[in-house]
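Each structure below is given as structure tokens.
Shared chain: chain A. Partners: chain B in the first complex, chain C in the second.
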Partner chain A sequence: MTEAQFYSVDYKQRLMAAEKIHEIFSKLIEQIKEGKNPTLVFPKRTLSNTIYDAKRKLLLLGSELQRRRFLDVNEAKKFMQTLLMAKIIYESLINNEYPTIRDLYYRGKHSIIYRDLSGRRREENTWDEQKESDAVIRDIEVLTGLLREDMLILSKEKGKLVGKIRLRSGGDIIDASKMGHGAYALEPTPDLIEILDVDADFVLVVEKDAVFQQLHRYRFWEKYRALLITSAGQPDRATRRFVRRLNEEFRLPVYILTDADPYGWYIYSVFKIGSITLSYESEKLATPKARFLGVSMSDIFGEYDDSGKLVRPPYLGVKERKNYIIKATPQDIKRAKELLNYKWFQTKKWKKEILTFLHKKVKLEIEALASKSIRFLADKYIVEKIQSGWID
Partner chain B sequence: MPRRKEVFRSLSAAEFFYRNREIAGFSNPSRALYQTVRELVENALDACDSHEILPSIYIRIKEEDPEKSHYRVTVSDNGIGIPPQYVPYAFGRVLFGSKYRLRQTRGMFGLGAKMAILYGQLTTGKPVEIETSPLGSRYKYYFKILVDIKKNEPIIVDQRIRRLKRKSHGTTVSVVIEGDWARAKNKVFEYIKRTAIAAPYANITFVPPEGDRVITYTRTITKMPIPPKEVKPHPHGVDMEMLKMLIASIEANTLKEFLVEAFQGVGEISAEKFLREAGFNPNMSPKLLTNEGIKTLMIKLKNYKGFKPPRADALSPLGEEIIEAGLRSVLEPEFVTAVTRKPSAYSGHPFIVEVGIAYGGKIKPKDEPQLYRFANKIPLLYDEKADVSWKIVSSEIDWKSYNVDFPAPLVVLVHICSTKVPYKGVGKESIADVPEIEREIKNAIREAARKLRLYLSRKKREEEAKRKVLTFLKYIPEVAESLALLSKPPVSIANGDGNYLSTDDIKKMLLNLVIAKLERADIKLDFNLEDFDIRIE
Partner chain C sequence: MTEAQFYSVDYKQRLMAAEKIHEIFSKLIEQIKEGKNPTLVFPKRTLSNTIYDAKRKLLLLGSELQRRRFLDVNEAKKFMQTLLMAKIIYESLINNEYPTIRDLYYRGKHSIIYRDLSGRRREENTWDEQKESDAVIRDIEVLTGLLREDMLILSKEKGKLVGKIRLRSGGDIIDASKMGHGAYALEPTPDLIEILDVDADFVLVVEKDAVFQQLHRYRFWEKYRALLITSAGQPDRATRRFVRRLNEEFRLPVYILTDADPYGWYIYSVFKIGSITLSYESEKLATPKARFLGVSMSDIFGEYDDSGKLVRPPYLGVKERKNYIIKATPQDIKRAKELLNYKWFQTKKWKKEILTFLHKKVKLEIEALASKSIRFLADKYIVEKIQSGWID
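And now, the complex of A and B:
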């Protein structure tokens, strides 16, 4: 592999992203020439403008627009920050760099020194905290329709993959079934990965890294022809995008395995429909067909029908249950109540799950099922749940 | 210029005043020094004002004998001067001026100055020295006079005449008194400063004992207050003694004739009507009235509603223009306004209230309004808290509603002119709560304060606009630099070619946008981006 080839995929992406940024921000020059107040128009990134599209099963940005004007006292600073950030990103693209969001924060952090009306010397930073620079990165994503990955901005990724899949990344070919006890660490620019071939029937995403490792050593992926992925907690963008690609490009069913608590369930919903803070990315990152494998409340307490008859027995005996379940914290309860308000959790099954949680006030970690025995988890629980028992 | 002779009448009161020196403000060496300056300066200004001569006043206090704390106070004016034949009596005998014709003046025809002369003579034994050239005279007359206190007669110690090369007029009075400069200092400086505020049409020079700190207030306006006219008293304002004096001095055969002659606004018909209603025979001779009859007449005069309100011709307000000029030149504020109210009257005495407001600039912010009180153009320095104006300024005006937030650099000037200023107590340093006057002061302050509010709200708007502008200005360099790069296509950056806008071009364009925005808001600011010295580090 030569160096030129190594960068060729990146190069095309760089040019495309740079052209787009140039196009959007050049409009401001036209506005200024016409004596108009330079204005950036883009969808509002607020909770009130985050809409759940029930048909497409996606969290999307609504139609409310935000106008960021330079000659507006309340917006001038944000306007300056947006342009500053756009400039730095533009420069990085042209200079063949791969900045992280932290790099961008430091690069744009300047002190503006000026004299106030009484002639006193004043100092103001372009931004003080990374929170501010991260916010304008999101604004630029919405403004340009380019995700940060598209702009070759790196973020710390923690997603891992094993299974029979071969990829080309940065010019190298990787076989994810030959990673030893390790795993392939998903890269921050998942769209630059070329998937060469896949030999698997489904994707299993595990919230917990520890459980992922246990299943990997048990060679679960080989035994059941699965691609095994962990998000190691809240899923990052690259992991979500990669899962989406597997589902979209290779029609692989996706099953999500999380803790039995509101946080686990929300992780599932992030994979499936998108996150509230990054709803503009759902179109690219969400996997609407993803299924919730477990762990559910009914896995712990059994499933009853409306007449109170036991339809499916619990996976844990009374004694096991006593050992494994954990008392829910007040935060868990609060989070569960929030989930109840989310439209996408308002299905019969999910309501029953959340209400059971609120009633029992207990939660369970996946590790509990693994510690019962890895065979129980791999060969019984997961297999049975895939056959029947997942929730949409 | 018409030459007007002042008519003097004598009154044996030298001893009376000697015994009552506390009342006249000569209670101790510090107060006496202040009072001496004050009396001489007021006479000096009156000598100019009343004849519309633009005053040039020179004041000097010199330490004459440090061991005995003797100070020489000298005040010169360019006023009408005093005819030499009157000088010994004008300064060497306690006199009353042309009474019972009323007009507003600062002092009472030199009565106060005579107190200063007496005080000086009693504490130092030194005679008063006078140098005067009457208007139109070619001579300067020089006198050294002592007062024979028991006889109330002048003793001329020295007297000289000098022919002048050129016509000149004016008077210099110089007395030596026992004083306490260290204690009087602040009040004297403050007094002269306030005098200058009320007389911006005067040149005032003050040489204090230190000598190295000469204070000058230069004339900033040539307009002078219109001198007051003499008017007859109003029947409502009469008192027993005054009425007796009038009856004694006016030649009238009948009561009706007497009233018409003695009072303003009383004609034959109204005199007749009044006398009949009051139960007097209009044709009786006034000289035949008994004490009892005079008393009844006085009470009836005071309470009769049929007379015209008193005339204000006897008053000489400063006028808005002069007040504004005075406040502006002495205090150097950023804003000044003044209000002269229409004449009004209380108990038969006409009065006019004037108010000036000065704000900001070199005025230091204080927690309360800074009140400058004047009565008949005289600054009142003592007993401020007892004055009706203080009550109004400090607690009855809601300054917040006029956009004034304390601490604030606010000076309020209140001038009351009247033929009879209703002083509180004998010290004549504070004005009593007369409802008519109180109402006028309040209205005048409100009227002036409304103008201040207008100014302050406009200023606030402008400051907000400036602050806004600064918000834009400080971000211009960063925005311009970003835009300069973003507006170059990626390929041209890589190749370094193409002709695109520079950071400076964009800076200028953005600056023009800001200026245009200001113009739309009707605000004009002169600025350069360089003035704000915006740097990025």
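And now, the complex of A and C:
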């Protein structure tokens, strides 16, 4: 296969990423030439160095630095792993490969045989578990400022899209309003998508694929000038990045529709703020302006003001509530208590939501609303909530 | 929303399905008029009435019939559930709804309040768990000969497609060779897809989405005139039906590529034969001619003839094998022993595969082959296996 057979967008990205890796790691050669201990310096990826920037509404890495030295008994193995992984990624880039993180784990996995000072034959594995090689990939992301996608590392991808938007990807022009009853399945490298034009007023992200299918079949996106996206459960990186791009580059409001339970709130939290343990990604993957559309506890029980007066009636009658609500599990309760401590859930509305949940100990699925009729879900519930019922 | 806004293909399907339900259930009215006990008669969905048709290579329902009577204390509730569900599905059809099975569960869930013979107030739920309403949906599928998809019941859908094939869906014409680095996400009603033309020699179904992404990026489908499909794990109904249609209507050979483990073999089995507990679907969803491409135990350890002579070398060297193979879990062993009893695994090659696995107690992921390089996986492994290494 010749280079020409690969798309030029990918090719440019390869060159850029390979040069960046070369630049970072060639510093080690200089250090060696100068007789110094080869040392990699990069921000610490620890919880204590993860800071919530309340103004930007983002989780970011703080200023603490980590030094990984070659001539250090405690760090020599990690140093070796980092260089091994950087080499593998670099070679993948220049050899037109598209590895996954699982591939990278396999590519680097082998035993190093050596003799110790007393001449005894020893064997040491480069790594045993994928969590070791994954950690090193994350270090390289932080070291280079390149996300794995920027290094053409692929992954499985669940995100789907329909609506009036035209994209250029891999030399093709895709019109996501011409997908029939199917949808456009996003690629795992969302920054290589060129968004040509958008004719929509907002983005609706639906947690559940089955509800996405129903809204799509109802032509929700056409009727309400929406881009309709599903994350099919917990969102993956590419879906998060693509949603962020729509918000940032096209100023489209983003609404997240999930079940009324702590798992749904967590999905919203991942879209909005990012993952706590991977805060360095947030700068590119999170959408701080994302809004929680529902289903909220006040949709189930009604919204009351401080004096206890009903200011917004519930979407479910008493009988419906009885039939549809589900008892919360101990796992739900535990997760809700955790969410209550998150800094971005410290608003009045969110506290009310979570405390109502902890008081009532019940949850509700989107399907309960859809079961009233797709018209109820699309034309009444979603429309009203976008007008005035979303939570920040 | 007017009817005209719905697509005519869906509309015709609605009419057809609604008429069928009307036809089946109006028989009950005749029975009542004749003073008979209202009775529904349909094939038993039990394991004992599930038969493997070795000639057609399909699991089918046998000839045992089930009678569900209204005036029977043991069956009155099931009878009521069946009629309730039929009514809900019928109403969904004529009201242009697209419910999911979860919706149908919610729609029917309520309490019936009545007084017993002694005048005491009693309460009985239509159903409590979704497994009860799901069982009734399956009964209605068997009763009417309509699959749920034929009744416009939607579900989540994971299947993706790329390759030279043009489809008409919902009024749009989709060219699956123009999806860029993304893919066409199949719809949950695969029989409403009109396949316009196919320019390919075979279908390659890849278990893992991440490997699908790699092969797509390598333009495997273009280079080898393939339709590339991923089931993203255990295949759903629509993906199975779509693969079957490609095999049946376009005579395309179907190759299944999974990990070398009992879970992968089971995925192959579901594509080929169907699910044992849902044999009535197989007639439409299974692809009896599907072939197992790999990864096979003989790919890992080489193929030997009865005299113990190596007739096909392994794809892994000794060192690679050491680095890549994974120890089987007790769960794997248990599943392999189950598979050994399946009638469609009684061929010489399959028995050898499973027995080798039970002897060696190791498994291998596709990624281990991909990690040697995408060229190795695509241009050597898959090509050679299609030429001469697949298992039926």
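Heads up, the rule we're going with is that the second predicted complex is superposed on the first by the 377 of 392 C-alpha atoms of A that agree within 3 Å, B and C clash if a C-alpha of one lies under 4 Å from a C-alpha of the other, contacts with A are read in each partner's own complex, and residues count from 1 in each chain.
Methods note: a contact is a pair of C-beta atoms (placed from the backbone, for glycine too) under 8 Å apart; a residue touches a chain by one contact, two chains touch by 3 or more.
Bear in mind that the values here come from a model prediction, so they are computed numbers and not experimental data.
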item: Contacts of A:Lys164 with chain B and chain C, given as first, second, both or neither; value: neither
item: Which superposed partner A:Arg102 touches (first chain B, second chain C, both, neither); value: second
item: Which superposed partner A:His110 touches (first chain B, second chain C, both, neither); value: both
item: Which superposed partner A:His22 touches (first chain B, second chain C, both, neither); value: first
item: Which of chain B and chain C A:Lys352 touches, first, second, both or neither; value: neither
item: Touched partner set for A:Lys289, first chain B, second chain C, both or neither; value: neither
item: Of chain B and chain C, the chain that contacts the larger number of chain A residues; value: C
item: Which of chain B and chain C A:Ile32 touches, first, second, both or neither; value: first
item: First, second, both or neither for A:Arg138, with chain B first and chain C second; value: neither
item: Doubly contacted residues of chain A, that is, touched by chain B and again by chain C; value: 110-111
item: Residue ranges of chain A in contact with chain B within the complex; value: 15, 18-19, 21-22, 25-26, 28-29, 32-33, 35, 37-38, 70-71, 73, 76-77, 79-80, 83-84, 86-87, 90-91, 93-94, 110-117, 124, 126
item: Residue ranges of chain B touching chain A (in the complex, touch as defined); value: 463, 466-468, 470-475, 477-479, 481-483, 485-490, 493-494, 501, 506, 509-510, 512-514, 516-517, 531-537
item: Complex contact set, residues of chain C against chain A; value: 1, 5, 7, 10, 95, 97-100, 102-107, 109-111, 154-158, 160, 167-174, 178-189, 192-193, 208-211, 213-214, 217-219, 223, 232, 319, 322-324, 365, 367-368, 370-371, 373-375
